[in-house]
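Given below, in the form of structure tokens, are the structures.
Each of the next two complexes has subunit A plus one other chain: subunit B in the first, subunit C in the second.
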Partner chain A sequence: MFGFTGKILHINLTTGTSKTIPTEKYKRWGGGHGMGSALFWDLCEDKTITDGRDSKNVVCIATSPFSGTNVPSAGGRCEVVGVGVGLYPVSWFTRSNFGGRFSATMKYAGWDAIVISGKAAQPVWLDIRNDSVNIRSAKDIWGKDTKTTQESIWQTVEEETETIDGWQQLPTPKGSGYSTQKPAVLAIGPAGENQVATACLVHDAGNGAGQGGFGAVWGSKNLKAISFYGTGSVEIADPAALVQARFDAKEFYAGDVDNPDASHWGPFGKPAKPVLFCDEPSKKRRTQSCQGCINGCRGRYDIGYGNEVSCQETSWYSSFAQKWVKGDKQKASAIIMRSGELCNRLGINTYPLGEGLHWLEHLYHEGLLGPDKAISSSLDWEKIGSPEFAEQFLQAIATGNDIGKDLIDGWVQAAYKWGREEDHKTGKLQFPYWGMPEHGYDPRAELEWGFETIMCDRDMNSHCFNWIFWQANISILFGQRPFLAADKLAEIVTSKLAPYVDSPAALDYSTPNMYSDDVMQLTRWHIHYSRFWKNSTLLCDFRWADLFNTHTPDSHGATGSEKAGEHVFWNAVTGDTMSLADGLEIGKQIWALDNAIWTLQGRHRDVVKFADYIYDQPFTKGELLPFFFWPCRDEKGEWHYQDVMRRSLDRDKFEDWKSRFYTLEGCDPETGWPTRTSLAAMDLAFVADELEKNQRIGKEG
Partner chain B sequence: MKQLSKQKAKTLLEPVPYSQWLSAGRMLMPSGIHKHLLGSLSEVHWFLEPTSKSLPSIDFDRLADWLETTIKDKHIAGEVRHTAEVSSSYVETCKMVYELVGKRISEAEEVLNNAHS
Partner chain C sequence: MSGKAGSTINRRTFLKALGAAGIAASAGGAILLPGNLLVMPHSEGFLVVDMGKCMGCGTCMTTCSLTHHGKASLSLSRIQIEQNSFANWPDDITMSICRQCKDAPCVSACPVNANHVDSENGMVRRIDPDRCIGCMQCIAACPYLPKRLQWDPVQRKVQKCDLCVDTPYLKEKGGPGNTQACVKVCPVGAIAFIDKMPDQKSPHGYEVNLRGKGWEKTGGSREDLHSKS
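Up next, the complex of A and B:
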């Protein structure tokens, strides 16, 4: 089993025992999400639970054959699955993902995944050094932030490990292994300990598994941290082919780091630089990346704070801080980076905070929130934007005090508790799907983002097609002709989507085409691609899929290519002979398994719907964006980049879309439940058995 | 252009109540677009200040309407409308409106400073 270690670690916290599961049985799922879903299916005895804090929940942290290798932008990602916390109307079986070196170190220690079930009687942390597995008391680190927790564990492991000439010596089945590295630790902070819906898992400085509320899941299990320390390696089937593919990826698809091309289109060739919603806090920095990545997206600075704070962590407080310091960008940057770092230390998922805080600010100004108001809060709301307010607010969220008390179960849940359900329905609280905020890519405009999210379990956060929005709109914003004409782009992109898509029409998001079979097939391709190639083999979302890439003569990206396509790396690592489409087929099976779990949790197609405002109100021009250009065909069939704002979704048409989608996925369109025939065809008859036992099997068509 | 009165200059520089804040956004590839509410002329100014990190996201028709009805400055509203119409691109409009708003703020500040001296 090249690429795999062959062992999965199962920890039962209730009994305080561990056992080894052979990976062989789960190899068919690839790794990551697929492997995690299958392990959840086998090990979770009650799949009807809808709150991840239930002690019956099973959470799986899984690597892939790519973990710990030099597959570009894949070696350091790690997937987390289980029933989540804070989603709405119920918390589905869901997923999260983070980077760094945790998955690689787990592999070097000899494990493909770790599964946690049960609940410890007292706080514990897991100390795994190669084959040695210990469940240890977390008495001394419970209550500590994620940074202090990791430092404490590093120190403990170092003190307990014999060092020879600077090398730490660890026992292995074959004798001794040596390392100069620190253990890789994944931990929760106070937010997780207090089982707050927005609690996340944090590794090193800025790698967080945010969505899904898995910090709260760990907190409910009294699990403070998992530490892996390993001295092994990953056995590669064809090392020469892997190295050649990596060289080819660089030669044919990557950018020139010495001469970055700002006009380049495509995710693969982007230059390495921190992704920040504010000015860099210092010009003296170096770019930091996950293990094996070709384009780092975080920074480490010479100023002692803000290290690896990036992306969403820098956006949630950005507008408030800039308002507070009246536009002084350096002062704003200091507030933003420090508040982002505090989120990481407290273990808070920043994704819902930005939109959520705008809503709370609205409630405050409406006189509904504050001291002695209907929604009681003694925070100093007049100082919103200040560093002091950020500290107060984040502490309240993490500890479940003040305003955090009502937010413990989720943001939309708080709206209903406060009698503000109208805010959810009208979009005053812009949380359009599953109790989560939109990503800036409104479902009324960027169709695949919304459709995929609602047919799954959380904000998709999968940018394959979203790069089109950015590349086209930035060209137009700068008054330039888009590098690729709309018809050319549609042709290139859709040529990558076989066997689902056979027409460029799949990329036509014009209003007459938005519910078409073509757009649906693009959506299905993307769900299946993401389920396998991103969430299971663990290719990084920021770099894959590479559908278009202007570094190549024909502007075709690396995806599916015979030089550096996803399957080329897979086959080099594992020795398989898989195609890109074979992976999509596994992605389809993973979605089917996930849908079976959602079905057991109580999902019916009737709950698969957006917040009302997505249907009732047009996407207002200028509300956030001046325009949202996307490739579209006009009445004559000619392609243009067209503004797709000012429209809403049509309930009836979307319901019809869902019926056709469920049918194509082998589900009963009346309920959205999987049918026995379709499950059996995917070698999932055992799933059909359990659905039937629970009287939730779909009717055959 | 007519000289600003002291009262008018004062009004232009005052923040407006929350209920009248203008909704805009800031965009960063590929992270997303995030809400940014604007509550004064000076906020519009620094919001539009060019930076290499991200782009302001604002509809200039809505901005012009807001400047006219909320900030009550027909002059700058007209200039923004004209600029949006004649400029070569959105980013160019951002830069030009940034300059225009900055100039208007300076005029208002000068009137107030002269009144105090």
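Up next, the complex of A and C:
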């Protein structure tokens, strides 16, 4: 069984038992999300639950055949699925994803996935060393932050493992195995222990499964941490082809850190460099990456803080800190990096904090929030932007005290609790979909981001097309002509989207084309691509898909290429003969299975809608830039980069868009529920049986 | 002994002369002098690393195990990258490579000449798996921690870096003067192959600065890690 270990570990925390499930039945899903959804389907006895803190919830942490290999920007990614916490109006079956080396180590220990069900009577952590599985008391680490927890577990395992000549010796079924590595630990911090909706899972210094509230799920199960330690290998079908494809990926598509090209376009070809929304805190650093990455995106520094803090972790407090230090970039950087690190230690998802804190600041200035105000808070709001305020604020969130008390169940839920539902409807609280914050790419401008998110379960956070926003708008910001003309870019990108898209018009986000079949097909491609290639085979979202890449003579990226395309790596690892499109078909099946779960949870197409302000108000204030240029055609059919702000979505047209979308996905357009015919065609008749039993099967068209 | 700094006769010439005189028995590329003194020619290739530049992606490790064994593994890798996510740069990562030692104690310790100097492949110190009896004496002889030779628990043999001489899953020719998979695959150029023996006395002889001017453009420091040592 190339690429897979052949075993899945199922832990029942209620009974304190473990058992092994053969992977064979779940291979069809590829791994990661698909495998997790299928395991959830089989093992969650009540799929109607809508709060992940319900003890009936089942959470699955899954690897893929790529995990533990050298497949570029894939070897260390890991997927988490289960019913989430803090979504609105209900918490759907959802997903999250994180990097590092956890999934690789799980594979080396001999496991393709771990499934957690039930609830432990007391706090526990799971100690898995190759075939050895132990459920251990967590009383000594409960209450600790994620760093202290991991270091404590490292020390425990090291003390219990014989070290010979600098190598740790672990038992295996075939004798002893050896490793120089540390165990890979995934843990919750105080936020997870307190079952805060925005609690996440953290691995090493800066890998977080943030969105979806899985930290709260673990906390509800009294699960503090999972540690894997392994000395095994991943069997590869065609090792020579895999090695050659990895060489080719570097030679033809990747960025060269020793010869960085500032004008380069495309995700795969970016040179290794920390991605920060502040100045680097020190030049004495390395660019650090997840296992198997082609070009890392984080740093480790010589200054005693900020390791692996990047991207959103540096964004949420950035504007506040910049204002507080009055433009001193180095002082701001220190505040931002320390605040990001504190989030990781406390186990808090940083995504809601930026939008959320702007909203709370507004309530404070309106006289609605503060000491002795309608929304009581004794935090020092006059010091917002300072390191002291960040500490107070994050501790309150993590412990559920002060302002954190009302935020435990979610930010939109707090708005309704405080009688501030108007803020959600008008966009003062910019949480446009499923109780989650706007990501910087407003649904009224970046269409696929919003459409996908609302047709799934959470902020999509899938950047395949979003790189266009960054590349084009940064060029325009600096007064430069975009490196790739709009027509050329549309042609290159859409040429990769077969069999869904057959026209460059799919990338035309102009207002007349917003609800077109072409844009819909691009959206469907992206959902199916993400469901399989990103979330199941676990290619990193930040590097894949590589649709355009100006390192190549024709500016075509690695995606779908015969040198270093997704399918090239899949086939080399597994021995299959899959095409890129074959993977999309599995992605379609995964979405169908997910939609069946959402249907059992109570979803009807009527709840699939954005917050009111997305329809009622034009998009006028960009989170990141004051404009939002995107490739568009004009009335003459000529391509330009055009600012797509100052527009809103049309309810009726979007409702019609949904009907057509559901029809194409094999669902009843009246309800959004899957039909038996479509499920049966995907070899999912057993799903149709369950839906029918619950009287939630879609009508045939 | 020839080969030391300041010698007027190079080591290879010396060994050739010994061989011509017929006064030594050959053990691979090494020469066994009377009194069980094993003299070995220098390897014609070495790996050097920049511990300040490495990303910690471990791709060198999995590619090493893939090219040699056809499996993705850290435990079977002949280069070992260890890291502590919470430690300060540059001490958060150590890169442990086989040094292809001048007088390789692992070669000397092998009782069956499985671990030998390969005269057909640039004098690289390598283990013939068909001759290895799994006694592990070579591991014990390695003076470095972690030991730069690995025990393969499945094959029950010892392995070590051969500069990619024996790589059945590498499509191009490996070995000194040819491809080293770890060098070729490293995304940031933190591993290099050189043909001049690094300083054997310095604790940092194999630790070099591979950060060029381009590195500065991405915001990093080019400062030598051991400039004060």
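Throughout what follows, the second predicted complex is superposed on the first by the 696 of 701 C-alpha atoms of A that agree within 3 Å, B and C clash if a C-alpha of one lies under 4 Å from a C-alpha of the other, contacts with A are read in each partner's own complex, and residues count from 1 in each chain.
Just so it is clear, a residue touches a chain if its C-beta (ideal position, glycine included) is under 8 Å from a C-beta of that chain, and two chains touch if they have at least 3 such contacts.
The structure displayed is predicted, hence computed values, not measured ones.
Superposition of the two structures on subunit A leaves subunit B and subunit C fitting side by side, clash-free. In the superposed model, A:N571 makes contact with neither subunit B nor subunit C. Of the two partners subunit B and subunit C, it is C that touches the larger number of subunit A residues.
When both complexes are overlaid on chain A, the residue A:S561 reaches neither subunit B nor subunit C. Applying the stated contact rule after C-alpha superposition, one finds that A:S220 touches neither subunit B nor subunit C. In the superposed model, A:H365 makes contact with subunit B only, not with subunit C.
Figure note: vertex subunit A, arms to subunit B and subunit C, all at CA centres after fitting on chain A; angle 100 degrees, rounded to a multiple of 10.
Once chain A of one complex is fitted onto chain A of the other, the partner contacts of A:A205 are limited to subunit C, with no touch recorded for subunit B. With both structures placed on the common chain, the touch criterion links A:V243 to subunit C but leaves subunit B unconnected. Residue contacts after overlaying the shared chain place A:S96 against neither subunit B nor subunit C.
For the pair subunit B and subunit C, the least inter-chain C-alpha distance in the overlaid model is 9 Å. Residues 280 of subunit A lie at the contact with subunit B in one complex and at the contact with subunit C in the other. Those residues of subunit C that touch subunit A in the shared complex are 52-59, 62-63, 65-67, 69-76, 80, 82-90, 92-93, 96, 139-140, 142, 145-147, 150-151, 153-154, 156, 168-171, 181, 184-185, 187-189, 211-215, 217-221, 223. Looking at the complex, you find that subunit B touches subunit A at residues 18-19, 23-37, 39, 42-43, 45-47, 49, 51, 53-55, 57-62, 88-92. Residues of subunit A touching subunit C in their complex: 68-70, 75-76, 101, 104, 108, 147, 150-151, 165-167, 172, 174-182, 204-206, 231-236, 239-240, 242-244, 246-247, 250, 254, 256-260, 262, 271-274, 280, 283-296, 299-304, 307-308.
If you check the complex, the residues on subunit A that touch subunit B are 267, 275-280, 311-312, 315-316, 318-319, 322-323, 326-327, 329, 354-355, 358, 361-362, 365, 439-441, 463, 466-467, 470, 474, 476-480, 542, 621-626.
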